[in-house]
Amino acid sequence: MSEVKNNNTLEKVNTTEYTSKDFASDQDVRWCSGCGDYSVLAQVQRTLPNLGIKKEDLVFVAGIGCSSRFPYYMDTYGYHTIHGRANTIASGIKVANPELSVWVSTGDGDCLSIGGNHFLHTLRRNIDINIILFNNQIYGLTKGQYSPTSFHGQISKSSPLGTVEYPVNPVSLALGAEGTFIAKSIDRDPKHLMEMIKRTYLHKGTSFLEVLQNCNIFNDGAFALYTDKETKEDNVLYIEHNKPLVFGKNMSKGIKLDGWKAVVVDISNGKYSVDDLLVYDEKNKELAFLLSEFSENPALPMPVGVFLDIERATYEGELEDQIANAKKNADDLSVDNLFKGTSSWEIK
Amino acid sequence: MSEVKNNNTLEKVNTTEYTSKDFASDQDVRWCSGCGDYSVLAQVQRTLPNLGIKKEDLVFVAGIGCSSRFPYYMDTYGYHTIHGRANTIASGIKVANPELSVWVSTGDGDCLSIGGNHFLHTLRRNIDINIILFNNQIYGLTKGQYSPTSFHGQISKSSPLGTVEYPVNPVSLALGAEGTFIAKSIDRDPKHLMEMIKRTYLHKGTSFLEVLQNCNIFNDGAFALYTDKETKEDNVLYIEHNKPLVFGKNMSKGIKLDGWKAVVVDISNGKYSVDDLLVYDEKNKELAFLLSEFSENPALPMPVGVFLDIERATYEGELEDQIANAKKNADDLSVDNLFKGTSSWEIK
Amino acid sequence: MEEDKSVLPLPLKVNTSKHSSNFKPEIKSVADVTIRFAGDSGDGMQLTGTQFSDTIASYGNDLGTLPNYPAEIRAPAGTLYGVSGFQVHFSSRDIYTPGDEMDVLVAMNPAALKTNIKDLKKGGILIANTDAFDSKNLRLAGYENNPLEDGSLQEFIVHAIPITKSTVEVIKDMGLSIKVAEKCKNFFALGVVYWLYSRSPEHTFSWIQEKFESKPELIEANTRVLKAGYYYGDITEIFATRYEVKPAELPSGAYRTISGNEAVALGLVAAAEKSGLQLFLGSYPITPASEILQYLSGYRKYGVKTFQAEDEIAGITTAIGASFAGSLGATSTSGPGMALKTEGIGLAVISELPLVIINVQRGGPSTGLPTKMEQADLLQAIYGRNGECPVPVLAASTPVDCFDMIFESARIAIKYMTPVILLSDGYIGVGSEPWKVKKLSELPDITAVFKTDPEGFQPYSRDEFLARPWVKPGTKGLEHRIGGLEKQNITGNISYDPENHHIMVKLRAKKVRNIANDIPDLDVTGDPSGKLLVLGWGSTYGAIASAVENQRAKGRKVSHAHLKYLHPMPKNTGKVLKNFKKILVPEMNLGQLTKLIAIEYLIDSIPFSKVKGLPFKASEIESKIEELLKTKD
Amino acid sequence: MEEDKSVLPLPLKVNTSKHSSNFKPEIKSVADVTIRFAGDSGDGMQLTGTQFSDTIASYGNDLGTLPNYPAEIRAPAGTLYGVSGFQVHFSSRDIYTPGDEMDVLVAMNPAALKTNIKDLKKGGILIANTDAFDSKNLRLAGYENNPLEDGSLQEFIVHAIPITKSTVEVIKDMGLSIKVAEKCKNFFALGVVYWLYSRSPEHTFSWIQEKFESKPELIEANTRVLKAGYYYGDITEIFATRYEVKPAELPSGAYRTISGNEAVALGLVAAAEKSGLQLFLGSYPITPASEILQYLSGYRKYGVKTFQAEDEIAGITTAIGASFAGSLGATSTSGPGMALKTEGIGLAVISELPLVIINVQRGGPSTGLPTKMEQADLLQAIYGRNGECPVPVLAASTPVDCFDMIFESARIAIKYMTPVILLSDGYIGVGSEPWKVKKLSELPDITAVFKTDPEGFQPYSRDEFLARPWVKPGTKGLEHRIGGLEKQNITGNISYDPENHHIMVKLRAKKVRNIANDIPDLDVTGDPSGKLLVLGWGSTYGAIASAVENQRAKGRKVSHAHLKYLHPMPKNTGKVLKNFKKILVPEMNLGQLTKLIAIEYLIDSIPFSKVKGLPFKASEIESKIEELLKTKD
């Protein structure tokens, strides 16, 4: 199902009609130079022409934050709203008009701090919007306070001695909140990011894509381990449906299950082979949770890719059905009769 | 660690000093007769005398809802606050004075709907408060609208044609939100409930106890399957640390792992024995998640008991340490010097 | 009485032969009656009151109702704070209130007697359920002696009736549990009152049939009990007099009773129909506003979308999203929820999107008195936001007026591309009155124009009403971006330009101020000038109208004006006010409208505050009027 | 100049021999100078301005500053909206403002020139970085021709300096990347200005040493560049005149510069110390209030607890929890955050717990203009809650005043068991001025009494100030429960009693009203009566004080009064106002104080609004004063 276009009512356009430039608005992009946000913008603009959505059917919604400026730079409909509420406003738009393709760009503060509640309720309702979380583990726009994804002990403007709180893991949280599509990517890996954006779009229901995004002003290098040439291969695990979990330089390592525990094994020295490895299944929620918890263990690589992609009816779809059925089953659709109610009387 | 009293600074009192009556305030209890809330109140009042906490060190905090009236009925310090904010106010109390034993009574609406964000941030911060969620799958106080835990399709005052949203699973959510202690019990099982209340208290860090609570006015019988004599044994799975997962009449059934899938097996007919069963481990988060997801599968029983009990530093503990260290390492604690700052000058 | 048989398909144990006995009580015609049903929260008083008022209404009387119940779902039986009441005032004249003093009090237990007897007229009728006056209940109500027996009720006509026993008796052969059987007792009381006021129980019989469709034993039981109560008057001959209240002279047409909350729900449907927009309500339950969400969630077949949000913030912001998408967005709430919507309203203001916000006010501050009425959110509605953030504020004055004013709110929201706040309150929201049912065709059209032509399109260009264009996403060539940062005049681009900000702040203010050109003048009932004007807004309407009518009937020179538009106010308001020497402003707050009058017109008015969770009595306002007309100054 | 060497441990490439050349520019003494540094967001203008003002202050000048920057972190280089500015006004007299017109503008690029030149005095000095005037930047700034070359700047003294090239040149041997090297250019500009105003760069040298402690190459680079800039004046002889501003006559003592936000942080520490309470700040970051959280989070060693909450609701409610637990709870925010705290404030009011709420106001409505100042949250502070929900409201008028007023807010909160709102704004919150450092011993004590005696304890009994008792949980025998539902007078039990509600509503209002007995009278600067009073509140203080002083110096009869207590107002306020024929109220909103004056005193005052995200200029107020004094009426 997830391989199918998610909104049949959207008229397809010839995909050759658009180029990425068609999605760039006339506004100057106002991010710091070097900011990871540029990459996400570029990949979205590059991916869209291949998705067959008409420009006028696209709506980008955002809260407040550096990443939340995103809609201004897209030549589509856009709404830059208030801090933390992008998901509710997007929900309102989508429920009001399911024919639109609704996207949310949000930050770790916007989505997970002030907006955490809406995030979780959007996921469980499975409203068919596409959420891109720009996770830079910092509050960019307000100049460098720690965020709910900042690591424990992180020094920031508002934690000069280090934070005393434990971060939220966006993928685990989304799993616990009944998300139906959960994926993760990195600003510095444009190809993977484009693929993930596409998958995000293709899933019917709330799609959640976390993008690790470097804030080179207030939290530079937060993801260096996963983006530096020397370290990234040994620290990033690309997960793919039905494929064994291999990674590392020359794909020499893999993930094996040892009872309940995932361990890294070397598949280059003959002791283990690819056949011993855990094969990923993006329909398996428990497995997704196991992988999302890799972050608790520094011995394990960080997984990116589609953690979960399962089917469930969407909120707005069921609502439309409920309305259609109510209309169909009604023997009286007269509003005048509604006004009259069931116990009116006549005065002559 | 969780077996140790959670706050060493609390002076112990002779546990024979109190009886459950000592914890009953002079206020009339204003719940509907037959309401499951009475049982939770009774079990809390019965358990407290055994915990060795002085009455004056106890604070009960609540938001708004039927269940949130709880503090009025406890002869301890109490604060009945505003809808959804019990967890933040309790957090403020505990962080301000870690010597207090702080409890939250909250409803499925209060904690998970309007208060969902605070719930998740309290859990990840691991502030040492004890949260008791009265889950009646309905809004009681406002007279019967559906709640975030109402089942998909539930008919209620605000969903005359059935809800179109998928419920949140409180245990899964707490797991995804980095909870360190997560347990579940039922209003109609006082013994188990008392045990869970005790464990809730003993854990150092945020403790979350979900109690299935019957609202006999607006959602009567929601948990009949788990409380009716005829059905409960086959439908409730009591989980215990290091014990195999058995249940059913005469303990004739058990849970076995079949690859990634949990299945029910009969251990009375010789094909399987207790040794084939999954042994529970309350330190294993992935396992906890597997069990919390049993609710997705009607073929599996509903687990109650302690899903997870792991150690992690508390927010307030680390904050106190940070303050103590800062004081210790400071070569100057003069507030006058703080006022002066680092670049003052003299005018003569 | 014969017609009763035709509506009664069930066998009855009541001996109907007594029916034609010689006893014939006197039938007295009265103009105006107030009855209060009072009992435990579990006694079904709200239902009883509703049934009675529906029946009364169908006889063509004008009426007003006042439900009054505790914040607990079911407070423990017998307690003072667990008493629930429902007052019905009906008349052969036009009336405006649920009545000041009662003619009849039905007290189902001692607590109900204790808390309500003070409002019973001298010489009024008290119907008490003697079965409930046992020692436990007397103690819970704080009675040392049984008031039915100790002579303390001498000033009233007391009818002590064993209501519970009679109820159980009449259905004892049915094999129902005592608990279920006793639950029917309110219908006995209702039957007695129907008889007393010469009203057939027919309407309630049908209601019982419908309500218990799937439980025939309950149909039978309740019907029997109602009938037994009804015949009780005949059989026992304890009442010397029956009463009759002639129908009021109402314009001809179809009528129904309606509460303010239902009227809001219907008014929203009407506005959606007349504007051709889809209605979207984003809301979070809260007393006493939840019914708006509940009614609308039942209107799926009319295409209404309701979204029960996770909180009030999501309630308003989903509605804003829906408006952005081209729907009529609305959100309903009460006090604490209004507080949470503050930031969202600001977004709607700067985004200039239509949005209707309904605040069914309740007692505050904070959680306050959830089930009680109050008018203390007026200044919040007008000034309670960060920044210069102007929003039109309207107020409904009666349950029926809720229909008109929500329709008007939607009209203004759409025409001016602005959020609009409608203030209702717990009194008119839950209270009901007869409504001469409106037809869609009688309502004015609301024109919602969506811009579709890309030619020269600018998101913040303005029409003659200073409204910016509304564009439905999905419209080709009009892709554009809006948001909460200050925007450049006309283009809508982000702008930090100082001059532009000043222009925009003034533009937004002017747009709202200009609405004064588009609303009716403030009407005066009574002379257009004189010594005293009583100025009100919102649900004080009934009490003020009654008081002024009564006082004028006594020849006193006093007039009444009622503001339905609080921001901006009608253009003639200043002129109206300046025509009077004194202005009395009764409000269920500490004088908020007097503050607005000072701000707008520098006029000193006299606040008359009642912040008790209960509406004004007409008599209270009358005393105040008399006092003011007496004093020299 | 010799002393410079001593502070410079680094080898310098600058040829210091020129130092003793024959060139000796004239040194002119001036009373009062305003300089603005303007450049790209990335050019370090805020740092440059801060360094300059710190240095100036340490010379004993009085000064005022005005930072002004875009909401983007780093807007793209060269754009008009990316320009960041920092203005410093310093003087040998007492001054109140950052200056109206500039004497010197440092423009680091064409965009900075374009957006700032309009404020440069005729004959003023323009220092421009010629290297940035390339075709791309000129185009981005919208210049057709290079203004430095096309004669359009004839009315100014233009010093076109190749700042970037000079910077790179002086450190080119260090092997730094061009990017890093160019980043030092602001220090070159700063050096030039130090020289021009006869101020030693010593303070900045020390700052550089500290700041780059771990990066010696940056210490060397920045120091060299600063020195090069400093000597540029000597070497190139392009300036004919140097200036000197004599120190102001300030009372003797220790001084420092302080911003309003830091003053709030320090004032809270002071209040905690003097009351013996632990300080707890619950807050969520928001511009321009975040610094309060940031400063306080650095004060762990003083026992300060800060809690960066998940949102503003959690910010205020954790603080309420802390107050319930016996701490001094505080919460800081700005506009949109204030909106979200509305419901929490209501809870604090009905719970009657001490709480300090700081709103550093910014441009609204909605997200508005996050980095700009405004005073438009006044009515919200007073009326913006559901129910009758009275809260004392205070306002700080200068950065230094923030210290005193937050201290006073805490005093009132504790003494009266009430939340208190302190209004600051982006102007005084971020702007700074010299502060004669207070000592703890100079401050009055704040008495925080915790009830410990169970004898006769009632949670809602009241002392002479109508405050209820504060009890620390943990106190034996005083266990009690409070909450957001209306409570019975004295006992604090839940009460739905109508009379009790009215009593409580009035009690809460009276408690706040009575605070008027406990605050200083409203002072008048100038004659106590006359034709014109300029009435202000908050950060307009500086502009009004300057304007009135200037006008009075010109012999005009005009007085100034400034409200620091907005709710309740000082008792003599009405009397003060009635002594003047006209009252002019300059506000950075659409006239909110004029509305309060109408409500409280039925006095018609003249609003003078400026809602541009920029403070009033003294000259603007002066013109208005002149206009009003001219008109007959």
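In this document, chain identifiers A, B, C and D correspond to the written order of the chains, with residue numbering beginning at 1 in each.
Operating definition for what follows: a contact is a pair of C-beta atoms (placed from the backbone, for glycine too) under 8 Å apart; a residue touches a chain by one contact, two chains touch by 3 or more.
Please read these numbers as outputs of a predicted model, since none were measured by experiment.
Peer 1: Please identify each chain that touches chain B as well as chain D.
Peer 2: In this structure, the chains that contact chain D and also chain B are A, C.
Peer 1: Pick the pair with more C-beta contacts: A-C or A-D?
Peer 2: A-C
Peer 1: Where the CA atoms of chain A average out and where those of chain C average out, how many Å apart are those spots?
Peer 2: 45
Peer 1: Centroid of chain A to centroid of chain B, CA atoms only: how many Å?
Peer 2: Those two chain centres are 29 Å apart.
Peer 1: State, to the nearest whole Å, the distance from the C-alpha centre of chain C to the C-alpha centre of chain D.
Peer 2: 48
Peer 1: Report the inter-centroid distance (CA atoms only) between chain A and chain D in whole Å.
Peer 2: Those two chain centres are 40 Å apart.
Peer 1: What parts of chain C, by residue number, touch at least two of the other chains?
Peer 2: Only 71, 81, 300, 310-311, 336, 343, 346-347, 351, 366-367, 483-485, 494 qualify.
Peer 1: Going by the contact rule already set, what residues in chain B reach two or more other chains?
Peer 2: 64, 82, 113-114, 116-117, 121, 148, 161, 319, 322, 326
Peer 1: Can you tell me which positions in chain A touch chain D when the two form their complex?
Peer 2: For chain A paired with chain D, touching residues are 28-33, 64, 66, 69, 82-84, 113-114, 116, 139-143, 145-146, 148, 157-161, 217.
Peer 1: Considering only the defined contacts, which chain B positions touch chain D in the complex?
Peer 2: The touching residues are 25, 27, 54-59, 61, 64, 71-72, 74-82, 85, 88-97, 99-100, 117-118, 121, 319, 322-323, 326-327, 329-330, 333, 335-336, 338-341, 343-348.
Peer 1: For chain C, which residues are in contact with chain B within the complex?
Peer 2: 71-77, 79, 81-82, 284-287, 290, 293-294, 297-298, 300, 306, 308, 310-312, 336, 366-367
Peer 1: Show me the residue ranges of chain C that touch chain A in the complex, using the header's touch definition.
Peer 2: 54, 57-58, 60, 203, 207, 247, 250-258, 266, 269-270, 273, 278, 280, 282, 299-303, 305, 307, 309-311, 313-314, 317-327, 329, 343-344, 346-347, 351, 437-440, 472-485, 493-494
Peer 1: What does chain D use to touch chain C in their complex?
Peer 2: 70-71, 81, 335-336, 338-340, 342-343, 346-347, 349-351, 361, 363-372, 374, 376-377, 379-380, 382-389, 483-486, 496, 498-499, 501-502, 505-506, 508-509, 589-590, 595, 598-599, 602, 604, 609-614
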